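For reference, the structure I am asking about is given below.
Labels run A, B, C, D, E and F following the written order; every chain starts at residue 1.
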Amino acid sequence: MKIVMAIIKPFKLEEVRDALTGIGVHGLTVTEVKGYGRQKGHTEIYRGAEYAVSFLPKLKIEVAVPSDQVAKVVEAITASAKTGQIGDGKIFVFQIEHAVRIRTGETDADAL
Amino acid sequence: MNLKTWSRVGIPALLAASALALPVLAQTATPAPDAAAAAAAAPVINKGDTAWMLVSAILVLAMSVPGLALFYGGLVRSKNMLSVLMQVFYSVAIVGIIWVLYGYSLAFTGGNDFFGGFSKAFLKGVTVESAGGTFSVGVAIPELVFVAFQMTFAMITPALIFGAFAERVKFSAVVLFVPLWVTFIYFPMAHMVWYWAGPDAVDAAAKALAAADAGGKAAAQAALDAVLSDAGFLYKMGAIDFAGGTVVHINAGIAALVGCLIVGKRTGYGKEAFQPHSLTLTLVGAGLLWVGWFGFNAGSNLEANGLTALAMMNTFIATCAAALSWMIVEWLAKGKPSMLGVVSGAIAGLVAVTPMAGFAGIMGALISGLVVGVVCFFFCTTVKNAFGYDDSLDVFGVHGVGGIVGAIATGIVVSPALGGTGIYDYTTGAVAEYNMATQVIAQIKAVLFTIVWSGVGSAIVFYIVHAVVGLRATVEKEREGLDITEHGERAYHS
Amino acid sequence: MNLKTWSRVGIPALLAASALALPVLAQTATPAPDAAAAAAAAPVINKGDTAWMLVSAILVLAMSVPGLALFYGGLVRSKNMLSVLMQVFYSVAIVGIIWVLYGYSLAFTGGNDFFGGFSKAFLKGVTVESAGGTFSVGVAIPELVFVAFQMTFAMITPALIFGAFAERVKFSAVVLFVPLWVTFIYFPMAHMVWYWAGPDAVDAAAKALAAADAGGKAAAQAALDAVLSDAGFLYKMGAIDFAGGTVVHINAGIAALVGCLIVGKRTGYGKEAFQPHSLTLTLVGAGLLWVGWFGFNAGSNLEANGLTALAMMNTFIATCAAALSWMIVEWLAKGKPSMLGVVSGAIAGLVAVTPMAGFAGIMGALISGLVVGVVCFFFCTTVKNAFGYDDSLDVFGVHGVGGIVGAIATGIVVSPALGGTGIYDYTTGAVAEYNMATQVIAQIKAVLFTIVWSGVGSAIVFYIVHAVVGLRATVEKEREGLDITEHGERAYHS
Amino acid sequence: MNLKTWSRVGIPALLAASALALPVLAQTATPAPDAAAAAAAAPVINKGDTAWMLVSAILVLAMSVPGLALFYGGLVRSKNMLSVLMQVFYSVAIVGIIWVLYGYSLAFTGGNDFFGGFSKAFLKGVTVESAGGTFSVGVAIPELVFVAFQMTFAMITPALIFGAFAERVKFSAVVLFVPLWVTFIYFPMAHMVWYWAGPDAVDAAAKALAAADAGGKAAAQAALDAVLSDAGFLYKMGAIDFAGGTVVHINAGIAALVGCLIVGKRTGYGKEAFQPHSLTLTLVGAGLLWVGWFGFNAGSNLEANGLTALAMMNTFIATCAAALSWMIVEWLAKGKPSMLGVVSGAIAGLVAVTPMAGFAGIMGALISGLVVGVVCFFFCTTVKNAFGYDDSLDVFGVHGVGGIVGAIATGIVVSPALGGTGIYDYTTGAVAEYNMATQVIAQIKAVLFTIVWSGVGSAIVFYIVHAVVGLRATVEKEREGLDITEHGERAYHS
Amino acid sequence: MKIVMAIIKPFKLEEVRDALTGIGVHGLTVTEVKGYGRQKGHTEIYRGAEYAVSFLPKLKIEVAVPSDQVAKVVEAITASAKTGQIGDGKIFVFQIEHAVRIRTGETDADAL
Amino acid sequence: MKIVMAIIKPFKLEEVRDALTGIGVHGLTVTEVKGYGRQKGHTEIYRGAEYAVSFLPKLKIEVAVPSDQVAKVVEAITASAKTGQIGDGKIFVFQIEHAVRIRTGETDADAL
């Protein structure tokens, strides 16, 4: 069981969600984050004060899936989140040791 | 302040003047009947009226900033908030400047039936002593108060339009659009609807005619005709409009529809969720619009008297009624009554009551409000979705449609038989005979004229702007939000 | 506008009228003394007064929307924001409609001591020419201005109540509650406190009595008695209330307490944190309430004169004083002075000064403000926590308690010896003798009557609503928030 | 209301009075020329004026709460929001109390050239009947309206100052600062600029002089001189200031600069980003400031007439012009026009038009607005950054600099040759000869005096506060935010 | 050393925190997230525009604990976060390789 | 390849970012979180209602780096985020199994 964590552009959320449901993944968790990377930020000016803003709004998506589905999930996200422009984001995959569904107490694969 | 004065001049006068009405441009050669006007006793300025009109001008400003700015701003996504606020503030500021340079003169001096002249450009000759007529014979207010009051109308009207294509136009397009639109669409419209010789001139000429002996009858009649013909095109058409249903709301609503069709839909329309970023702000804006609208509607009486109070009551009751009727129909149709629905209904009611504020009886306003709430609900939901245009903030659905409903309904509810005030005839000094068919037809003609004028004219202006600076922001800028990309700032931080 | 006029009729008149006061219902048979009133010279309408009253009505609307809506809305959690805004807006809208249908008539036509009749239902007979009396002999305002002004009072009062059980009632309960409550609790209360024959009628009858010869004395006295008895129950009781301490604040405050007891506590009360979602909005609301309250209090003079200015100054100073006294006592008791404390104090001061606005001297208002800030602090913190009721937004603690403090203090600070205005006696045309004990007892009696009337009446209305549509949202809906579950929308998005 | 009245007394009178002007303290012994004043016919109170002034006082309150509170609050980080709101509300509240205790008396009773006396402490003798003069001979308003109107000016002025060192001072420092500053800096300043004998006194004395026979000439001249010398120091210096450029804006702007230098920069200044937490709120605040400023500027005429309308129009147009000129210069200099820039320009325009509101022609106001937008932009960006002081919300850059520009420009635009009103001379009953050099020098002298007075005086007050309670919050508290650490609450929750 | 990450219903935070302190865990980090899963969302209507909102507000809790306490922690969260209704959330357990307390530089178990 | 996750005080963000770019790390993701730990919270009072607030605003920083840079990164964060006062925060290090750059499809070390 793995967790796939992806940093994506905010307006891509719906497409990614659709791509995932398309391959049978029906659960995920989304966090609003700010990302710093190669993508250029912008300058904000408030009267005399200029600020170079290098943190850009991104969404972090976390999807827990059985290990055998990881490749499919990564592919689905890559395809749907891609614009081809700098700042499209990253995908990281981690190992989950254990999972529980709080409502039922089911564990591991059953918990997803 | 509006077409109503024509209405007060009445149908008989309309008939008398009708020969002059067409061809309108020829008629502009008629000498202005200043002599007759001057013959009347100087009208008196009452400080109570002045105080009220000062307040009214302030209230109408509050409708734009912060009222309309918040009402609209709350409905967009937060990344475009400042662009909306900026568009409204810019409209107000630039129109103020244009108004004192030549706008007031173009709208409110004699000229031809379609626009005035430049005799009061730079407010030449308008001093602290200048008096402007009201709608009562012998009652005046300082002309500068009238200048201020009318200015606030010109300020808010272009700002209304931007709601239809919010979240996607370049600020430079807005910067160019406003001066062009007010100059070529709004000022002529204001002139056509609101310019007339004033009650004292008509009254004096009518009295001179009555007093004339057989020999002088023809000359006196000619003088009266000249006074009556010294007015804008729509004014002479016989439609009535208490506070600007045509000039402001239909005019802006149609320009908005044309604009959103030309500009095109927002990127992501129909796919992404465009939820209002703060309905709280929309409520605040709606509240301030309502509060300010009393200046707009009741202020349009130019005096502080019982009729002003009637206009105020109508402005209260039509608003309440439309808020409730939208709420109920939404509850029935969608299963839940929403706060946005209630305030949308309230604004629709305010729009609809604008032309009838000082003409309708309170029950007439109430029923008009109930009707407009339902009609606008239908347009903003079913019709818009059916046609698929992206009028982002429903400017057409509320101001255009609500304005049309109100303008036509005004022809009905003015009926004395239905509790309305009827139409005053300054030539006889009494309320005129009322014929509903005649009046409703006049109202419809004025509406149609406004639709054509604003539709065609605004389209031309939009295409000019498109050609010169371009209308639309790039998709990337739209995605990132206009606040950052056009204005270099963001509305909210922690 | 209020009880004060009774007070101006004075203690002597009270004695004269007291025989009539009980049994009150019997007394309704007395013919209305219209003849005497008509005999007086027609009162004059001044446009300065009209302008001021137009503004005052607008200001009181601004108190509700957006003022109260924001003041309350800022204090709830964001998931319930729209439900609060909706409740306030709905109250305003529905009461506006009811007001012109029958509310005004029920409150402000003759009838019996407890409610008026239906003679002005649908505002029948109220035209742009109708004049309404003020509190000065010979001075009138357009009746429609009075209709509008009083309407705004009726609009805000039920909206105040909802703060006590915010975040947990069904919208359908609110929809049903408001019409019932205003019809059976508010309009009668307004009639009881504010209905009277007017200064011109009293003055004319008093002068007729003075001028009567021996033979006519008895008839003239009877006529005067009839005029004096043509008034509401509490009015005749001799209490004074400048701008609605009883009708609005105690009335709403008690209904609120009863309501929150019947509805029960919010789910999670005492366990979860119910922090205000935006104290900024609460400050905005408080500011607009203060601004609008000048319409409420100073507008209640119905004229624009020195007394209006006194009411304004008192409304300023009591508010400042109560804001500071709450701040200081909170600083001492809790260790930190909070912004919510300061604005809560300010509202408490506004409530307390309402009944005394045109009666107190400025130092009297100052001291009353200092006192009420401390008393309300004590109620909203210690007492509420001790009893454990969940008056979510402290409607009882501020409006109920503040109203009671103000009503009773009014009996003291009106004293000419303490810088107050004293009580004008229209029958003698002079300020009457003042007796503090008498006056304070009259004030207390009016307070007790209001508590019983509102307490019992509101409880009945709540139980009716509970039986018909149910008062409370389900726990699941409460958890998810009323905005989504009741209105299908959320206040904020990004 | 301001220095203008001096101006109307004119240069000739100035010359006549100049002998008396120094030594000023000696001059206080001159008996007040009440007899002459009393000889004039009692001035008449018009309810239209009263209505307008009631409204104006309300509008100026709305400038502070919620206007200024939001304008400033939106610009700070959310963790300090409530501290800003609290500072503004506290200023309003405490100054209200001080005003009725002794502030009004210190400012607006005779005394010496620098401050008044305590004869009206506790508003002794100010009743609902008291009349106060306007700027027209024979026209009065209820004195209590004037008390209220002026109070609102005193309330907002100290609140302006706090913007310069927002986000870092202790609330206890604010609590101590306000009473000291208004007592020792503001009230004297108001007295120096605004106190004079009034139009009726001057007019009566001048007429008495004209009517005097040879024998009475000298006595009549002495009486006139006495009337003319019964005025504040700056008033007699001959500068003109319609609505408080010196007393309010320069005064506050200089105190702000001094304050932010003494308090020091915010922790993290230049390293961390101090982005405004809600420019939406700043726009709302700016809108309400504009709306309220009509009370401030047009209300300063104390009457509702054509001159009031001129002051209103100037307040509209200068604001529009400055908003646009800031926008344009920012667009050119920084590449993007910002919404904060537009509203900053608008406020700069409002500040600059304050002293000239009733003196400038509309084109004069327009040009002044264009100029001040550019100058203030330059100060708030280049100059501030060059000197490196942390005037957090640009109080000096907008109010100080804008006030100075406006005060000096007033001396130019008042010129009748440039469309200004000229300066009325009450001793001759006509507009006086105008000399631009003389007038501009008088303006500059008044500006310099104000800078010194406020600069030195405020510094002393700041050091006293520093010594007694300390000015600055600890770095930890600053980091965590003043809302939690000083007030125990947070502005926003979900 | 493990990190226990739980997605829970927002109003359960206080109970979970209490349950954890009850078993001696005195540190945790909370993030506001939006979750998509089996739990039905709702429809929002803004005039003519209807949006099916399927992302629901959740809280993500992260607790780092020594490996031997994981079971206890999972149990405590499960018990306290449960309502028995769909949408109660999930618990995922990950391995931490290394931990540091910034203030002191203490590492691993000492850092918690 | 590892991910370094740090909980820090909000006002330290710029310093940490500078420290990381100083050692050649040019990408990171930031989340606003609330932390509960030894650091004392505060009490908020709203009229009669007093709430002890024990969750304090923190920032969570996530940096993915090749395994050999982990020590340097942890050190840089520790040094720059430290104030020496309680509540400075924690650093946790996890193993990443796999990384992808969405824009290019590059994987693992190339994806960073």
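Just a few scattered comments:
Simple rule for what comes next: contacts are C-beta pairs under 8 Å (C-beta built on N, C-alpha and C of every residue); 3 or more make two chains touch, one makes a residue touch a chain.
Since we're looking at a predicted model, the values are computed, not measured.
Touch-path distance (fewest steps) from chain D to chain E is 2. The chain pair with more C-beta contacts between its two chains, of C-E and E-F, is E-F.
Distance between chain centres (mean CA atoms), chain A to chain B: 50 Å. Computed from the mean C-alpha positions, the centre of chain B lies at a distance of 56 Å from the centre of chain E. In chain A, 31-32, 44-46, 94-95 are the positions where the chain touches two or more neighbouring chains simultaneously. In chain C, the residues touching two or more other chains are 46-49, 51-52, 55, 275-276, 278, 284, 334, 336, 338, 340, 488-490, 494.
Because contacts link the chains in a way that matches no line, ring, star or complete pattern, their graph is best described as other. In this structure, the chains touch in the following pairs: A-B, A-D, A-E, A-F, B-C, B-D, B-E, C-D, C-E, C-F, D-F, E-F. Chain A contributes residues 11, 14, 42-46 to its touches with chain B in the complex.
On the chain F side of its complex with chain E, the touching residues are 2, 6-8, 31-38, 54-55, 58, 60, 70, 74, 77-78, 81-95. By the touch rule above, chain C contacts chain E in their complex via residues 268, 271-272, 479-480, 484-485, 488-490. Residues 44-49, 51, 53 of chain F are the ones touching chain C in the complex.
Residue ranges of chain C in contact with chain D, taken from their complex: 46-49, 51-52, 55, 59, 77-78, 275-280, 283-284, 286-288, 290-291, 294, 298, 303-310, 312-313, 316-317, 319-321, 323-324, 327, 334-340, 342-343, 346, 362-363, 366, 421.
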